[in-house]
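The same chain A turns up in both complexes below, where it pairs with chain B and then with chain C.
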Partner chain A sequence: MEIMRIVVTGPVGAGKSTFIRTISEIEVVDTDRKATDETADLKAQTTVAMDFGRLQFGPNVALHLYGTPGQERFDFMWDILIRKAHAFILLVGSHRPQDFRAARRILAFMRYRTKIPMLIALSHSDIPNSWAEEDIAIALGYPSPHNRPPIVRVNALDQSSVASTIVALIETYAQEQAKQLNSIGGKL
Partner chain B sequence: MKITGYLSEFSMAEIFRFLEQGHKTGCLSIKPVEDPNEIPAFPLADEYYIFFNHGNIAAATTTLDHQGLQRLLEKRGWLRSTTVKKILPLCPVNISMGLCLKSQGAIDAEHLQLLFKQQVLSPIPQLFSIKEGLFKFDDQHPLPHWEMTGLSASPMEITLAGLRLLRDWVPLMDKLPLSTSTIVSTVQGKPPYHLNAVEWQVWEHINGDLSIANIAKVTNLPVLEAQKICFRLMVIGVAEEVAGISEPSTNKTEQEPEKTELSQSFLDGLLNFLKSKKG
Partner chain C sequence: MAINAAKLQASLQQFVANASNVQGASIVSPDGLALATSLPGGMDEERVAAMSAAMLSLGERIGRELSRGKIDRILVEGDHGYGILTSCTDDAVLLVLADQGAKLGIINLEIKNVMPELQRQLGGTAQPLSI
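Up next, the complex of A and B:
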């Protein structure tokens, strides 16, 4: 069985669980529990271990999607999930600048552990007062447009939008893989 | 572009980093929200206006009447506002007032430096002790040439000065890096800012091997002090917190990714499948 594993990460309330539910062909296995801390101000339920979704597109081929918990106290799960991932998506709410710090921390956590391809997906871009893509990139630590990962807008409730985001990530993955192969070929 | 928010959500240090790294031009206004139960660290104005020019701080005022710099000149007894008004038409439009007066021989470079210190370098670091305030950045606000000396300051240097002066860190406590985290450098070589002795001491140990708690131990600093210094290094953009690594792993196999490469046919199949979902 050939499986691609994609991790969907990001701060609390960015839309990770929704993103996976929207595209998964199986009932998403979630570990949502009643939020009891400051997260309760944002939403009633929060992911404490992970969300799991799947897309089987042939007899022996599947895409697995893993959603991380947003809260940092569950960062041991980030570690477990990212080590097996082929690529990851950092989902950020464009309307919540107070979460950019958390997004940056998650990003640093992931980048320190792995060099796998990634992209930044911005949710809630249509909400008034949401930040522009360029400004979010700067706030996340990518001031130079020449040195930043792909950034896309996503509506986590819309299957077509979620599919486009995953397509963009897979294309990034394929480009990275081709670069690596070329670099190995060049050395031989 | 207009960006608004509260300092409790996006701190002054983070705003400054954003504006410098984004090379922004415009006006940052800060309206303090006073807590009636607390006495502020210094007398607060109703609103503060800080003007950015390509990411650097070019001027600061507490009113938008374009008279602030003239008031400073008059207060110091250097030039009357009537004299200033006679000189300004002699200069090209869009030149800062300070440079105009200097080019006409009315004041010299030292005067400009003193004015800039009084207008920007001394008051802005104090603003870091504002506990709560509404901020707004407007990139359409024209630069107030009559308020500008022609000098500018790096927001990061101002941030360092402001955070060093800060006595009450309570509003920033939830923004400090965790003592169990490690800190890694994000710049090649040394930071391009003026660090003090204790900041250099911490900087020497931020190679990703030691947790902040251990950096505190080897530098003989209280853990909270080490966290504050690491926060300073983070907000000036020279370091990044990596949470969840208290000590480096010695188990090589644990660090290696447990995954296999994907075949081109798999990727092609998956892309075709997803493209069908895009509708």
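Up next, the complex of A and C:
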């Protein structure tokens, strides 16, 4: 049995815990605590260490899903979780442009440590006044459409939507693997 | 009752100064915000508070899922000393950092002695470590 570790990260209130709860086959290990900072305006509970969920993907692969806390003061958890990850999802709420900067900082944090495949998932895109995909890509530092990670829309409450996001991530992962194999093959 | 932050801070500093082998202490909220701190130089109170909260919530989770019951204390023992997390009130946890020369029994007693005063100032009552 192969284990693939996927990290779900993103700013506060993007829907990371919900995302994992929606898809996990086991009861999610959460570490929610009552929020007492500005997060409390957004939601009552916030993740302080991690969320953990599991999903069987085909007969031989198990996915382990790790959700990070959103607040920057927990960046040591980002570091711990990303170290052993195979791929990660940056979950961004498209209706909260004030969080794009935080999302960009998380992205920089992860990119500084690892080059693993990733994709950007946009949640809350059904809310009026939410930003368009193209604009968010630019806000996250990807002005060129040719050189950016895959971007998908996701409804973190909807199982099939979350599942297709994970499939998209695994496809990205497989493509990266194939690319690496090819480049090794080219050198031989 | 309102919390007197300056007084709380002073009590914590006094505890760190008086208790032998204690290098620092911090009172943090369960979601990782510092309420009062007296830490050795070079330690960032924001990070310390967040780490304490993360440790505590995982510890509490272990208590529940691995049938250890309510958690009274979490102890991190390294070759340079101890980090001890003890429940203070429903909304606060005390972290104490002690050096490697510390006697654990004495530190535990010191924590037990300072606790009522901290609890009184935080306006809470003694609770087992559940948040």
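Note that in this section the second predicted complex is superposed on the first by the 182 of 188 C-alpha atoms of A that agree within 3 Å, B and C clash if a C-alpha of one lies under 4 Å from a C-alpha of the other, contacts with A are read in each partner's own complex, and residues count from 1 in each chain.
In this section, a contact is a pair of C-beta atoms (placed from the backbone, for glycine too) under 8 Å apart; a residue touches a chain by one contact, two chains touch by 3 or more.
Note that the structure is a prediction, hence the values are computed from the model and not measured.
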First (chain B), second (chain C), both or neither touched by A:F57: first
Which of chain B and chain C A:M77 touches, first, second, both or neither: second
Partner chain(s) touched by A:F88 [first = chain B, second = chain C, both, neither]: neither
Chain B versus chain C as contact partner of A:F19, first or second or both or neither: neither
Partner chain(s) touched by A:Y66 [first = chain B, second = chain C, both, neither]: neither
Superposed model, chain A: greater residue contact from chain B or chain C: B
Which of chain B and chain C A:P97 touches, first, second, both or neither: first
Chain B and chain C contact sites that coincide on chain A, given as residue numbers: 76
Residue ranges of chain C in contact with chain A within the complex: 29-33, 46-47, 49-51, 53-55, 57-58, 61, 65, 91, 131
Residue numbers on chain B that touch chain A, as the complex places them: 1, 3-5, 9-10, 14, 18, 21-23, 175, 184, 186, 208, 237, 240-245, 255, 257-259, 261-264, 266-267, 269-271, 273-275, 277-279
Chain B-facing residues of chain A, complex: 2, 4-5, 23, 55, 57-58, 61, 63, 72, 75-76, 78-79, 83-86, 97-98, 100-101, 104-105, 108-109, 112-114, 116, 129, 131-132, 134-135, 138-139, 141, 143, 159-160, 163-164, 166-167, 170-171, 173-174, 177
List of chain A residues in touch with chain C within their complex: 29, 31-37, 39, 46, 48-50, 69, 71, 73-74, 76-77
